[in-house]
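Two complexes, one shared chain (chain A), two partners (chain B, chain C).
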Partner chain A sequence: MKEGLIYVFKRFIHILIILLVLSFIVFSFIRLIPGDPVKSTLGPLASEESVNRMTHELYLDRPLVVQYGHWLKNVVTQGDFGKSLLTSRPVSLDIKEYLPRSLELCFLSALMILVFGVLFGTISAVFRNTWIDNVIRFLTYLGVVTPPYAFGVLFLLIFSYLLKWFPIGGLPRFSPENVRTGMLSIDALLMGNFSLFIKVLQSYFLPCLSLAIGSIAYQARIHRSAMVENVNADFIAFAEVAGVSKSKLIFKHLMKPSFIPTLTVYGLQVASLLGNAFIIESMFRINGFSQYSLNVILNKDPYGIVAVTFIFGVIFAVVNLCIDIGVVALDPRIRLKGAE
Partner chain B sequence: MGQNVLEINDLSVKYKVYEGVLDVIPDLSLYVQEGERVGLVGETGSGKTTVLKASAAILGNTPAIVNKKELKVCGLSIDGIRGKKNVRKNVSMIFQDPSTSLNPTLKIQTQMLDILKSQFPKKSKGFYHEMMMRALKSVSMPAPERVLDSYPIQLSGGMRQRVCISMALMKNTKIIIADEPTTALDVTIEEQILELIDDLVKKEKKSLILVSHALGTVRKITDRLYVMYAGQIVESGLTKDIFDNPHHPYTIGLIDATPKLTGNGIADGIAGDIPSYLNPPKGCRFAPRCPRATQICREQAPVLEKMEGSVDRFVSCHNLEVSEKPVVSSLT
Partner chain C sequence: MLAAYLQKLDSDKTNKNSRIEQFKRNWYKFSRNPMNIIGLIIVAVVIFVTIFAKTLAPHPEDAGLHVDIMNAFSKPTLKNWAGTDEYGRDLFSRIIIGLRPSMGIAIMVLAISVTIGVLLGLVAGYYKGTLIDLLISRITELFMSIPPLILAMVVCTMFSNNYFFAAIGIAVAWWPWYTRITYNLVTSLSNELFIVYTELAGVKMMKIIIREMLPNITSSILTKMTLDTGSIILVASSMSYVGLGVQPPTPSLGSMVSEGIAYLPEFWWLTVMPALAVVVIVMGFNLLGDGLTDVLSVEDK
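And then the complex of A and B:
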């Protein structure tokens, strides 16, 4: 276990360095974009005095390094990402409002990807080269090549409009005093309102499925090929002849090594969910972080862009760290080497 | 010698591949008696491993089409699921490469435990531990406690092969199948492992099938020998007889190709390669490479026939009468 901890600690330091570099690069690049954000916010008729005052307030009149230092200090000490020119509020407040919903969406999608991806992959591998395998392979191929919004439209049409099983977009509204974490399902549970919780899950089901289905298909294919590759491995034949029971052979001796490629791909899939979510968010009328970040970028909101990019970076890094921990837990070869 | 513990009659194995069907083993029969040590030699790709895998009923994982007229382990058929159980109960197998035959993601302890649990269900922890320690000690493993708590990657090649042997022996089976157990090891370890296998087989009165490229090894350890070429047995008989007086041109070439202690350099080996299984020669499969080949060899496949006045000696060749090249057998 000690080797594992050393490895994780090393990865953690890496991530901190990467985030620092990322934030600095984004911070400097924003300044290179032509056009003065202050002038575009205040409009062409603003007096020079008010432009100067706002520029000074936003720290934009100081050298880049000083600006960055100021920004970093505020982020680390107060969690303050500066003020958004788009919403005229602190960026951190915006994030607090929009991010939880998107995280919830992505988390549920990630869960679906893991459960169904591995399930279909395993079924496909166990029944390889039979009709079951062929059907799953065909469907997963279809899933990989179809863009998520196509599924979104299809699901809305069939399950919401025709069958009326799920609401047509939107999320249940909560009165402000009941919003504690911002994640609706958790808030509903905190309220002790179970029927509301079910309602929340119902509203999330279709967007999550539309967002996840491509990744589920991809994941199933990866998991199948990983398992099929290991089925022919010597150690499976050896264990089989040596007398390991069939169920243990599949779910332990075969599953554990097969999970290594699956988990690695899974990390990339999950980390990119948030970035891919904006179409789904707008399609299902979920006022989420992906849409917010798109607006911020289109409106050249300097602190907004930096914050959004930073958050994306953090999420990517955290997901990857989790995946790395998972892979390390599964694969002693990496763990033992990584600790050297 | 007693009864047959392994009996293969008219086994045929084909592999389906993209280009077509590989007719790897057209028709093969062999047997192993109780307490007998049998060798199986032949060059790479001659189908030795396929025969072994068929005997251990693990060809199911590959795209193989097995058509066994009769395949018996300890008098029990190995057809179907029940047959598989018979095999699992009676056959142990040691694989070629110890670096791939242990699961890289599980501790030795876990792997051994899973085997033991299926053998002796519902026993105490102490019982299993005792069994594992005994198994590791029986292969003279240094520091067995540490080995149990290790992953395969933490062990050397020789240690891994010892672990594999101990795992194969944990099942009390009559037959041990060893598929080139020393090919992936260096020479000093090779000697130790072979001695170990030899000792264990002798001590426990088990039958052994040994596949090896090292003819010296085979000669030392086995009682009887099968020589395989391109999926067919071309010669079989007592090991001593075959080495003293090989009849089939392939066997002669194979023995000649081994470097000898007496010098004379290394022989050229047998020119050419194993024929394509996709479209094997119509007649004798060895004919394209055979120095004695005549018209009949190219047209009609020879049959494995018992040689007159011999003990269990079979050869399949049309041109046995051709004056034989004297063979200097100074292999040790």
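And then the complex of A and C:
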């Protein structure tokens, strides 16, 4: 236990340093943007005085280190990420509005990836080299090579336009006093409105599936090969000789070690969900964080870009830390090595 | 002198023969799986079509701002294999011509990221355990700490939103993976007996890396490059979906899909056809890459 804690602590410090360096690099990078972002926002008719005032307000006329220090201080003490030129309000407000919806989308997708990826991978491995295995392997191959937007188009055509099982896009609207967490499904439950909750899940189903299906396929392939590799391991042969029942053999002895590669890949997949979601968000008209970050990037909004990359870095790091903890819990060898 | 030369010539000849033998053996293994052959054919066709796109396209003028309203929204027919779009432009021609920028971006990204990635990986592996190794692995980690698509988009918009900087942007996000794979290969190779013996024989480390290690990692790198071509085409099409990269009226596979969404569900071919093209191309590169992995990894054993 102790060496596990040391390992996690070490990783945590490591992540903090990476995030600091990352935000500093993005800051210096933004100074390199050709053209003055303030001038392009205020338009050509703006007076020189107002441009100067805005530039001063945004700390863009101070040395890089001073600007960065000021920004970091505000982030740490007040959670203030500066002012967005695009929406002309604090970036933190934008994040508070858009992020929960995207997190909800990604969380539901991540759940789908874990459940279906492991399920299909296990079925494929248990029935390996039979027709069931072959069908699953063929479908997962298709899943890996197809871009998420193609799945989005396909699902929209079949399930929304043709069969009319799901809405064509958009999410149910909430009156402002009912928005508490920003995550629609939780808000609906907090309101005690169960039919609304079902409606929210229904609107999320197709975008989540389109976003997740490539990763489900990939996850299933990884899990299958991990399980097949372990089938020939000595400890499985021993367990079999010792008379362990088949279901116990599969679900206890085979599943646990097979989860190590699965979890590592799962971490990468989940961490990149949010970054890949912008097409799905625009296709299904979900006004979320990915869409927002795309707009911020396209409009070269300096504080917006810093905040967005910072948030992405945090999410990447947190997901990876969770996965590391999971792997450490599963494999004592890595635990001991990491604490050295 | 002459004897030594003749001997060398002789050994070169047997070397060449054994190489041909090995190639034949590998080809036999490769060709036994029909999936590998399908992959090879798709990739060959894609490369051929990319090179001769302008001559092969039935309506090359449709790549630009050509308008033929009489023919707008025609279903896939014998004349227009993939149908026509809202301006009456032949979709099949546009898909073929849209292949060019996708392949161009993939080639540029691979050229840049393999050069930088493999070089840094070799250097880090060579100076393993020193400050240089630490520095390189930290930089690699930094570039891997935000989603690749976001990094590519930031770089692309910062400089200039065109085809060239889209490739630069993807390359910036891509090279760390080559550094990592090269580093892992080099560090695992350095424990192999033949490397240890060459070291003991007093051969310089730099020479070992170039003469002994580099030839041994090329097959892994080449396989990864084949698989990555498909992934890069996917990423590039995702970027062009939101308008990053190739600018209209030049067609690109991603932007064709996004423009077609507005015309769902009646004019489904506007989205389905270019999306299908992406799927087939990426599948071709993946099948070929998997086939190469199988053949080469068996050979390693």
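We take it that the second predicted complex is superposed on the first by the 340 of 340 C-alpha atoms of A that agree within 3 Å, B and C clash if a C-alpha of one lies under 4 Å from a C-alpha of the other, contacts with A are read in each partner's own complex, and residues count from 1 in each chain.
Definition applied: contacts are C-beta pairs under 8 Å (C-beta built on N, C-alpha and C of every residue); 3 or more make two chains touch, one makes a residue touch a chain.
Computed from a prediction, not measured in an experiment: that's the story for all the values here.
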In the superposed model on chain A, is it clash or fit for chain B and chain C? fit
C-alpha centroid angle, chain C to chain B via chain A, nearest 10°: 70
What is the contact status of A:Ala237 with respect to chain B (first) and chain C (second): first, second, both, or neither? first
For A:Ala271 in the superposed arrangement: first (chain B), second (chain C), both or neither? second
Chain B or chain C: which reaches more residues on chain A? C
Looking at A:Gly170, would you say it contacts chain B, chain C, both, or neither? Reply first, second, both or neither. neither
Based on the superposed arrangement, let me know which partner A:Gly69 touches: chain B (first), chain C (second), both, or neither? neither
In the overlaid three-chain picture, which partner chain does A:Tyr161 touch, first (chain B) or second (chain C), both, or neither? second
How far apart, in whole Å, are the nearest Cα atoms of chain B and chain C in the superposition? 8
Could you tell me which stretches of chain A are touched by chain B in one complex and by chain C in the other? none
Which part of chain B faces chain A closely enough to touch in the complex? 53, 56, 58, 61-63, 87-88, 91-93, 95-97, 100-107, 111, 114-115, 117-119, 151, 153-154, 164, 167-168, 170-171
State the interface residues of chain C toward chain A in the complex, per the touch definition above. 141-142, 145-150, 153-154, 157-159, 230, 234, 237-238, 241-244, 254, 257-258, 261, 264-265, 268, 271-272, 275-276, 278-279, 282-283, 286
Can you check the complex and tell me which residues of chain A touch chain C? 18-19, 21-22, 25-26, 29-30, 32-34, 141-142, 144-147, 149-150, 153-154, 156-157, 161-162, 271-272, 274-276, 278-279, 282-283, 293-294, 297-298, 300, 305, 308-309, 312-313, 316-317
Touching chain B in the complex, chain A uses residues 129, 231-245, 248, 252-253, 256-257, 260, 330-333, 336
